[in-house]
Amino acid sequence: MIRMLPRLIPRGLSAAVLCGALLAVSLPAAAQEAFKIGLILPLTGPSQSTGKQINAAVKLFMSVNGDMVAGRKVEVILRDDAGVADTTRRVAQELVVKDHVAVLAGFGLTPLALSVAPIATQAKVPMVVMAAATSVITEKSPFIVRTSQTLPQVSSTMGTWAAGQNIRKVVTLVADYGPGLDAEAWFNKAFKAAGGEVLDSLRVPLANPDFAPFLQRVVDTRPDAVFVFTPSGFGAVFIKQFIERGLDKTGIKLIGTGDVTDDDQLNDMGDVTLGVVTAGPYSASHASPENKAFVSAFKAANAGMRPNFMAVFGYDGMQVIYDAIKKTGGKGDGAALVAVMQGAAWESPRGPVAIDPATRDIVQDVYIRKVARVGGELFNEEFATMKQVRDPAHGATP
Amino acid sequence: MLTNLFDGVAYGMLLFVMACGLSVTLGLMNLINLAHGAFAMAGGYVTVILVNRLGVPFFAALPLAFVASALIGLALERTLYVHVYRKSHLEQVLFSIGLVFMAMSGVTYTLGSQQVFVHLPAFLSQRFDVFGVSVGAYRLFIIVVCGVLAAALQFAVARTRFGSRLRAAVDDPVVARGLGINVNLVFAVTFAVGSGLAGLGGALGAELLGLDPSFPVKFMVYFLIVVAVGGSAGMTGPLVAALLLGVADVSGKYYLPQFGAFIIYVLMIVVLLWRPQGLFGRAAR
Amino acid sequence: MRAALETRHLVRRFGGLVATNDVSITLAPGARHALIGPNGAGKTTLINLLTGVLTPSSGTISLHGVDISAASRSRRVALGLVRTFQINQLFPGFTPLQTVGLAVSRRLGLDRHMFRRIGSDRRVVEGSVDVLERFDLMSVMNRPTASLPYGKQRLLEIAVAIACGPRVLLLDEPAAGVPEGERGEIMDGLAALPADVTVLLIEHDMDLVFRFADRISVLVAGGLLLEGSPAEVAEDPRVRAVYLGDAGHG
Amino acid sequence: MSAREQNIAAASQALAETSRVKPAEIVFWLAALASFFLLPEQHLLLSEVLITGLFALSLDLVLGYGGIVSLGHAAFFGFGCYAAGLATKHGVTDPLLGLALVAVLTGALGFATSFLVLRGSDLTRIMVTLSVGVLMGELANRMAWLTGGADGLQGVAPGLLLGRFEFDIFGQVAYAYTLCVAFVLFVLARRFVHSPFGWSVRAVKENALRTSAIGIPVNRRLVVVYTLAAAYAGIAGGLLTQTTQFASLDLFSFHRSADLLLILIIGGTGYLYGGLIGALVFKLIQDAIANVTPQYWEFWIGLLLVSFVLIGRERIVGLPGLVWRRLRGRA
């Protein structure tokens, strides 16, 4: 019996192709049901706070805006990928093949988004990136639209700003993975272009528990400032050790991207963060009526949890999807949805934002903020704004 | 660079206090306990809750962290661990990995997954120069506390009545039983003290290493390296191994940041190939 | 005639302690030779030297004229020097048939085959049956070893060694721990050893030694006290003094 | 027939019995084949189960047969993933050729590292295997110019299978391919473990001292089985990359190796099917728990591990059978 099986299987193969063809034919027929959005987030694992924030924001968006758009009922299918890329990929594939979702959304980290890009292309399903921030992502498929941020966007803003603040010599210290390298490269480029000098570029392994030796190098190099990017969650340890090593007293300034002073964790990090200057697209204390409403509704719905940048990215992601459904009258296929998403512009809780029609990447104001205590809580207080920053990396090399 | 050496020693001391219990349980009960880091995590969280939420002074919280972890250790030893001593190493590995997973998600459930910190008294956050070497007060504090603990442990094992029973039980449990030593009691007390020390280490280290639910997995390898390299016979081996590890890790990251992550593993593999029983291990068991 | 097994001035030191002190023994082919001595006399060290677990500090060991002093353990087995253990060293999860089958496969040089089924070669089956029949293990050949009575396990210990096709067999206390009722089986097993196999027996059970051996060497404090026929040994006053008078506690 | 001939016939039959193909095995593979036609929507999941199962099978060779406790088996799996991905990107687009290449490369890595696990105690082995796993992961991270670093290996586009079939988004071809490869590898592994060589490896696990006393070179046996298992793990990894067209650093993580042990414990060691069955059960449990408490499923996995050790695998796995017998006995 066992010996027969191998001969049976090639026949199974041709049947498989047949099956596949049948399924492919049956796909468009499903288009009249609910408009399904496959939301893939890291709800477990080290990046779970990202997933938690975005999930809460998506729920909030739907409770504010209802689940009927252009006559279609919108349904979100939430799946956990635990921050593991091959799971993301399989889940995305299942959502497309089994659940016939019209849009894929979420993607907490760069590799997770990258792993799904070929599926978006192959299945012609729009993919709304709500968190991952490496520049290159949107170039990997014509169906990718990003509503979060890119690291070149914020770090080059910081580079330009810092050079104008009497900061001449800088050491950069980034987490050693894609986004970190992006941040390092674009900060350095902008900073040098504005006349600054980068003394040293340190890369810290992601799994590294102890920043001490790296900080010691910073001390020994004696720069005016140290530019930092760590994924949110690692920022706290870093700042602790920065202070503990007495770097604040040596006059070395701490500047970084908004990830380091994540709104969600800022209060737990404590007063050591006071005075840290970061560049980022969103602060929970952003002064606008849209943001006030957003923050209070978010807190009310989530037991007082403060929304961070991830929440806004997710909220805006839903905004883009809803707008696209409206503009296509609920009948658009993937290509049509992406077409109307390109060039979309709206007032987000973070300020005015738009999707660049050419790159499908977000265009937004980037703020320079300083951590301060306001009304008993710590906030990233915005004090300077770079208007409508595009991702500088698309079509360029650092 | 003396500051690096100093940091490395502080780091190593911390590792020693956290891992020494593991070395004794391995030597004594021939138990491979990958869940040791969970006790360190317990101590860390107890301190965080006591200091940050209940306003207990930091110095009062440290002994409480020790006691709490020791009690948890004792309870688990009596109810669960006692059943796995005679099982195969594979089963011990599985069992303790299971405990780690449960501890991690238990903490995530009750306290959340974000990183937490202990609010230290102000004078411990200072920094000063000693003979031109820049030294952090907290690291100095850690070195002093851990140094005293290491000395006390060495004394306890070498000189006290309990220590001699412990050594007898490690050498040969069967003979020790024959001599009228209550080996079970020795096991339980040792396990509890080992867990308590891990907890104390966790409490001290929370500030330096960062504390979150993935703590037991993140540092598991480090603990195991201390034990595997140091050998499980006595206190000297693990102490030397921990100090080596701390200094190698810190200076590796300072001087060779590109290869920092490799150094400790390569070092360990080399040591284990050279001496499979560890630097100070007995030839055979 | 060339000796089956011969040691010359064999010495093994552990630091300052001399565990084996200038031991020279010669076993003629087909001999039934026993080695006796009180606890701590160095019997275990000697057997470890012979089988290659330990290397001698000085002196030589030769097997049918071939110097094996530095040969590896598996090399010695390949040359025909096989041992049994004082404490059973069996495969608890294997059946006696599987255990013996593996040993026979090894003897026939078939153990490196990766894609041929064990026992697909008729010589393996025949060889295994030969051994199992010889030691009266056919009836239990398909039971897991761990479930066998102790006496049968002891027999299997010898059977595995024979399955390796030894020219010289070292028997390390074959009757150790065997209950009185199963002793007869062991005696029968020893009697069933092929006549052309040279046997070195290490044993405490004097009854067994005197029934089995045609030559006896007495080892005391690492050195050879004397060697002779059973009758000579039994009558030697030194042996009586150091050993036989003490046999009950040995 | 003489008594001796009867005995020889009986022994011959008894030896053949251990490797006879049992009806349950035929049912198992027929069910696997049937799943291809009956569960078209589950092909993605089933491919993953099968690949994990194959990976677990390779650990079974090391652990269940060789008796080596390894906590770093993911090193080979991950290496296979990257090797397959890089081979595809650099010209070896034929999937089968790529898989063969991966098997050779991973086998070579297994051979080189096998000498590290020969020495020392279980603890030493655990440490060394764990470290090799971490080192491989760190290497893949470091060599970002080659592997894509933390972003993962992108743009893996395998060619047509057998020059005819394209890997489709529904995973039909991928599942058929995985099923065929897994079946072939399984049959080979089955032959291997029932060969004299396979028995000698088992013998090492049962009693290394006795094995060497019957003249079998223990270390060489372990080197071979470790190398073979590494190649198997590599092929499993290669399959994953080819069917998902992607590889990431997570492949090397500790969780992979720990999950793998759990899979093997659920399925049982030392009979080859343990890995495959365990992988299926593990996925089902994971899905079931994830549906109830998505954030805390790790807790239940942990509880499962602890219970398996404390209560004993036989009693847990035997429970359904026991209940069934009780019910039937009463009826």
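Each chain carries a letter (A, B, C and D) given by its place in the written order, and its residues are counted from 1.
Criterion: a contact is a pair of C-beta atoms (placed from the backbone, for glycine too) under 8 Å apart; a residue touches a chain by one contact, two chains touch by 3 or more.
Only a predicted model underlies this, so the values are computations on that prediction, with no experimental measurement involved.
Visitor: Check every other chain and keep only those touching both chain B and chain D; list them.
Guide: Where chain B and chain D share a partner, that partner set is A.
Visitor: Report back the single chain whose CA centre is most distant from the CA centre of chain D.
Guide: Greatest centre separation from chain D goes to chain C.
Visitor: Based on Cα centres, what is the most central chain?
Guide: D
Visitor: Centre to centre, by mean C-alpha position, how many angstrom separate chain B and chain C?
Guide: 48
Visitor: With chain centres taken as the means of their Cα atoms, state the distance from chain A to chain C in Å.
Guide: 73
Visitor: Can you check how far apart chain C and chain D are, centre to centre, with Cα atoms defining each centre and the answer in Å?
Guide: That gives a centre separation of 41 Å.
Visitor: Taking the mean of the C-alpha atoms as each chain's centre, how many Å separate chain A from chain D?
Guide: Roughly 36 Å separates the two chain centres.
Visitor: Residues touching two or more other chains, restricted to chain B: which are they?
Guide: 108, 258, 261
Visitor: Two or more other chains touching the same residue: where does that happen in chain D?
Guide: Correct list: 138, 141, 295, 297-298.
Visitor: Multi-chain contacts in chain A: which residues touch at least two other chains?
Guide: 48, 205
Visitor: Go ahead and list every pair of chains that touch.
Guide: Per the contact definition above, the touching pairs are A-B, A-D, B-D, C-D.
Visitor: In the complex formed with chain D, which residues of chain B make contact?
Guide: For this pair, the touching residues of chain B are 26, 32, 80, 83-84, 87, 89-95, 97-106, 108-109, 217, 220-221, 224-225, 227-228, 258, 261-262, 265-266, 268-269, 272-273, 276-277, 285.
Visitor: Quick check on the complex: what are the chain D residues that touch chain A?
Guide: Where chain D meets chain A, its residues are 21, 25-26, 29, 33, 36-37, 40-41, 44-45, 48, 138, 141, 144, 149-152, 154, 165, 168-173, 175-176, 179-180, 183-184, 187, 240, 244-251, 290, 294-295, 297-298.
Visitor: Mind pulling up the chain A residues that touch chain B in the complex?
Guide: The touching residues are 46, 48-49, 202-205, 207-210, 212-214, 216-217, 219-220, 233-234, 236-237, 240-241, 243-246, 249, 264-265, 268-270.
Visitor: Contact residues on chain D for chain B in the complex?
Guide: Interface residues on chain D, with respect to chain B: 63, 69, 71, 116, 119-124, 126-128, 130-132, 134-135, 138, 141-142, 254, 258, 261-262, 265, 295-299, 301-306, 308-310.
Visitor: Please give the residue numbers of chain B that touch chain A in the complex, ascending.
Guide: Residues of chain B touching chain A: 1, 3-4, 7, 11, 108, 113-117, 119, 125, 127, 134, 136, 138, 207-210, 212, 214, 218-219, 249-254, 257-258, 260-261.
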